[in-house]
Structures are given as C-alpha cells and as structure tokens.
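What follows is a group of structures, each given as structure tokens.
After this come two complexes, each holding chain A, first together with chain B and then together with chain C.
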Partner chain A sequence: MIKAAVEPWVEEPLGKFVKDAGVRLALLLLPSGQVMAQYGFTRALDVMSACALAAAIFASSGEMGKLLQGKSFSALHAGGNPQFFLAEAQTARGPYIFLTVFDQESSLGLVRVFYDEFKARLAAAAPPPVSQEPVLASNFEGELNRNLAFLFGRA
Partner chain B sequence: MSSPFTKVLDTMTRLRGVSACLVVVAEDGISVDSNLQFGQDGGRVAALAASLYRKARQSALAAGLGATGFLQLEADEGRLCMLGGPELILVVVADSDANVGLIRVEMRRAAEQLQ
Partner chain C sequence: MSLVNYQTREITCKIVYYGPGRSGKTTNLHFIYGQVPDDRKGKMVSLATQTDRTLFFDFLPLDLGTISGFTTRFQLYTVPGQVYYQATRKLVLQGADGVVFVADSQARQLQENIESFQDLHQNLSEQDVDPRSVPLVIQYNKQDLPKDLILTTDELSDAVNFRGVPDYSADALHGPGVFETLRGISEIVLKRLSAGATR
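What follows is the complex of A and B.
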C-alpha cells in the first residue's frame, strides 16, 4: 500500500493540491532531502532519487539567487513536457521543499494558483515545532529509509 | 506603462458591463497583460479560464467539430467570455446585463490583432 504522507497533517493539503491542480507527481521533502509526503510515485527508489535531486537543485539555485539578486529564488519552473515546479513552503515546523510534475492536463498558471493555497493550508495545518535532532550523516540514511518504508508499506 | 496589448484591453474594458479583460498565454494559463478592477484576482481568473478554454478546445476536437471559437460561461452574477488561438486567449469578465453581442464582435476584432 502506498501512503501519501509520513505525518498525517500533510495529507489533506497535499491531496487537495493534487486534485485541484491536476498534477502527475507531487513531493514534499525537508531541505535535507528526507521525504515527508508523496503522490504518484510507485517506487521508493524514484522517491529517493527525486528527493535527493530536488534538495540539491533547490540548494544550488538558492545560492545562485543570492548571488544574482541577494536572496533565494522563491520558485523554479522547467518547461517542456512534462514540466516541473519546485518551491519552498514555510511552516511553523520549518521550511519544506515542494516538487510537482505536470503535463498538458494542468498548466503553470494552475500550479501557481493552487500552490499558493497549498502553502497556506500547510502552514495552517502544521503542528507546533518540536525539538528536532540535527540531521547528521550518521542518522540521515536511517531516517530516510524509515520514511520511505512508511510510505511504501514496509514499516 | 503600456504593452502591445494595452489598446485591445482598453477597448474591451470601455464596453458597458465589462469589469475585466485579460490576455492569457493559452498553454501556461498566465496573464500577459490585463485590465482589472480592485480586488479581482487576475492570476486565478487567467489560470482557470485558460484551463477551461483548453479543455473546450480538446472536447471540440474529440467530437470532430474542429477549432473552438467563442466560448461563453454564464454564472449567477455575470459571464466569462473567451476567444483565442493556440498561443493567446482573450478573456473578458462581464456583468449579466452586458451586451454579449457587442462583446463578441469586439473580441473577434481584438483577437485578430492578438495572433
């Protein structure tokens, strides 16, 4: 069974976004690359790869934005077919990275409109922050595998 | 600040009952230029109207009816009129009592300038 979210409060905002925007894939992750929620992926390996790449792209483009305009880019879009949209969502729990992939069934305009709603819903649904252990190389893989196992029914 | 679409937008919004007019990229659903009233969400109207127009065009093609021309959506408190081509769509938001015939004629003229 494929679950949508590691933490249940993420499920409703993500489900609504996917339904409204008509996207093919959606992924919510921590800036460290750990998956928090997904829609549309069927293999844990694809989620892991997409998370690693999304976190890397977001980090590098953020630095590029700081060089060019003194602050990070708020969102990235790659055209073509399919297209992808990558952006940051701030919550009381801290920042998350959101990646979505869409084709001609949706559009950048729809994704942007419903992403703004998703961001607001996510921020409203986020529980108060908990003290989190820093992400260390020693425990990163264990936590990553735990989240993937939860999402893909191996927990 | 004017754009290549300013004249078209001004012509449309001068018509009685027209409250907004937008030029939208058909594929992306993003507004290129618009004349809006205070409080109107141009981004949302552009994205959803373009989506509707794309779906209408696909439906017409699927039914073997050819290209989609003028598309009108009637709602309780007004109407949404759309006309365009593969690249740009002209979207007009009008009151219920607006003269749709006149709007349609002006939109056809404007669409020729857009493409």
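What follows is the complex of A and C.
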C-alpha cells in the first residue's frame, strides 16, 4: 500500500494509518523537507515539492506559534475539500513531520484519532540512529558527469 | 543528511544556494530549470514577493538519473538574500547536504558578500553543524558585467574564499558557470556517500 518508504520500519505504522483513517495522501518527512515515506502520490518529483512546502509551512507556522503563544503549534488543519492535517511526530530518530490530505471519505476527528495511534506506533517502531555504509562506488564521477551533461544538453 | 532508500535504490540530497540579495541565486535555478528536460524535473516553486524577490525560498526538484545503481535526485533550494530574512535562511538551511554560495562580483557588493558568507557560517554553527564539514562551493556570478564594475575571480577569491573551496566564475543569466557549479557541488556531496557518513 505504501508507495515508497525510505526505511522499512515506517511502512507498517503509515500503512495502518492510511487504511484506518481513509485518507487520500500521506507524507512522512524530515524537518529539512526530505521524504521518509509517502502514500498516494504518483510522481517522485511531486513528492519532493510537497515535502519542501510542508516543511516550510510547519517551520514558519512553528515560528509564528512561538511569537504568539511562546511555543510551536502542535498541529495545523486546513478546511475545505480536500482538507489537510500537518503535525509533528517525535521518535528516537528525531522529529518527523506528517502531512495527510483527506476528503469526505474521512474527517478531521478520524484523522486526529488515528494520528495519535500512528504517532505512538511510529515512536515504538523507530530504531536508534545508525552509521551509514558507503553507498556509491568510489568511481561514481563518470556517471555523474554523463548524467549532468545529458540534463544540460551537452551529451 | 542525504537520504538513501535501499529498497527502491534512491538517493535524495538537499542543496541550498546561499548568498547576498540579488546575487543571482534564483537566476541559477531558473537557468537549470530551462535546460533540463521536463521528465527530469518537477515544478519550480517560488515563494516570492510581487516584485519577484525571494520571500521564503525557491525550490527545484531534479532527477539526475542513475549513479552506481541508485536513482539520484537533488532538491535545489535558494534562500532569500536580504539581511532581514535571517530566520527564513536558517529554516531553509536546515538539513542541507551541500551549499552553493553565490557571490555578486560587483565591486560595490564586496562587503555584502563577506557579510553573507559570515552569516552562512553563523547559521550553520547555530544548528550545531560544523561549517567546515558541510560541502561548499563558491560561484562568482555576474562576471559578464563590464570589467570596471566587477572584481576578478582572484580578487573575490582572496576576499571570500578563505576556506579554499572549489570556486567558479559564472554568468547565471546566460548560463556559463551554472552547470560547472552544480557539477562541483554534486561531486562533493556524492563523494560523502561513497565514503560513508553518519545519520
């Protein structure tokens, strides 16, 4: 059900949330705007844009919350059709931002109830931070240069 | 922190174009956007004022293709350069895997370049990031302007590039140097993934 999860431990909590809450789209991302998992988007490049904007909304509204009430808002909701709900989830891996979009098939009340469950499941599933092994071959520059040359019409 | 998805074999990196106001950060992204085929880029998002000054950030997602068997994507951001958008710059800089510092080559902008470069280092430090550990390249933009208005790349390097990072001469409006700058930062950022890093 989950289209893409960067790390497997995220899949079960997010999959259950999507199924229980009946939402159209769901995104779990880092505060820096990078996606951890997504449901419902068809194009990876659209996911990246949605993540950048969600991180920006959450960061800027957080700062506004600090100005107005001395602390960040814990969650944001935009009404209409569709609606969106944006909130933070804390784990042993650090904070994540969660965005979900829903229509008449669900409701804010349902989303909030299942979001609380999701947060708890996510926190329980999160493994401690790990060291990253080398990912790319040491001679990756050739491929990088070829790909960039293609993008810029220089191939 | 570059994100690596081992299941789908995808890498995502965040690159931030930083620099003083009107140095050409957004122009770099516009040029890249204009060059790249539609199927390899997302929508360019610009949160700008009515006069097209960057208010929050510009954002351009790029698909670089496959490198070492991993689909590699870059998220290119710019920050607003004007001094009073300090808080916004900090937010956008969060989690950057690499920084392109875009300096304005005009002689009268030298002080703004130096202050913005110091501001970058301060903002990284405030996020508990050692500025020396962040992949960085410098671009000396607007080198196409009349010689009596600009400083040479050597003069700019002396004034700004005290870390001795890779630097590039550019004319982002027309393209020269934009590709080389992106290639430069891409190499340094991806090199970390070939060496391993902590997340």
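Here, the second predicted complex is superposed on the first by the 126 of 155 C-alpha atoms of A that agree within 3 Å, B and C clash if a C-alpha of one lies under 4 Å from a C-alpha of the other, contacts with A are read in each partner's own complex, and residues count from 1 in each chain.
Keep this in mind: a contact is a pair of C-beta atoms (placed from the backbone, for glycine too) under 8 Å apart; a residue touches a chain by one contact, two chains touch by 3 or more.
Small disclaimer: the values here were computed from a predicted structure and weren't measured.
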{"item": "Partner chain(s) touched by A:127 [first = chain B, second = chain C, both, neither]", "value": "neither"}
{"item": "Partner chain(s) touched by A:95 [first = chain B, second = chain C, both, neither]", "value": "neither"}
{"item": "If touched residues of chain A are counted for chain B and for chain C, the larger one", "value": "C"}
{"item": "Which of chain B and chain C A:109 touches, first, second, both or neither", "value": "first"}
{"item": "Touching residues on chain A, where the partner in the complex is chain C", "value": "4-8, 30-36, 43-46, 48-49, 52-53, 56, 59-60, 63, 129-138, 140-141, 143-145, 147-148, 150-154"}
{"item": "Of all residues in chain C, those that touch chain A in their complex", "value": "1, 3-5, 7-8, 10-12, 14, 35-37, 40-43, 45, 47, 56-57, 59, 61-68, 70, 72-73, 75, 77, 87-88, 91-92, 94-96, 179, 182-183, 186-187, 190, 193-199"}
{"item": "Chain B-facing residues of chain A, complex", "value": "104, 106-110, 112-113"}
{"item": "Contact set on chain B toward chain A in their complex", "value": "24-25, 27-31, 43-44, 46-48, 50-51, 54"}
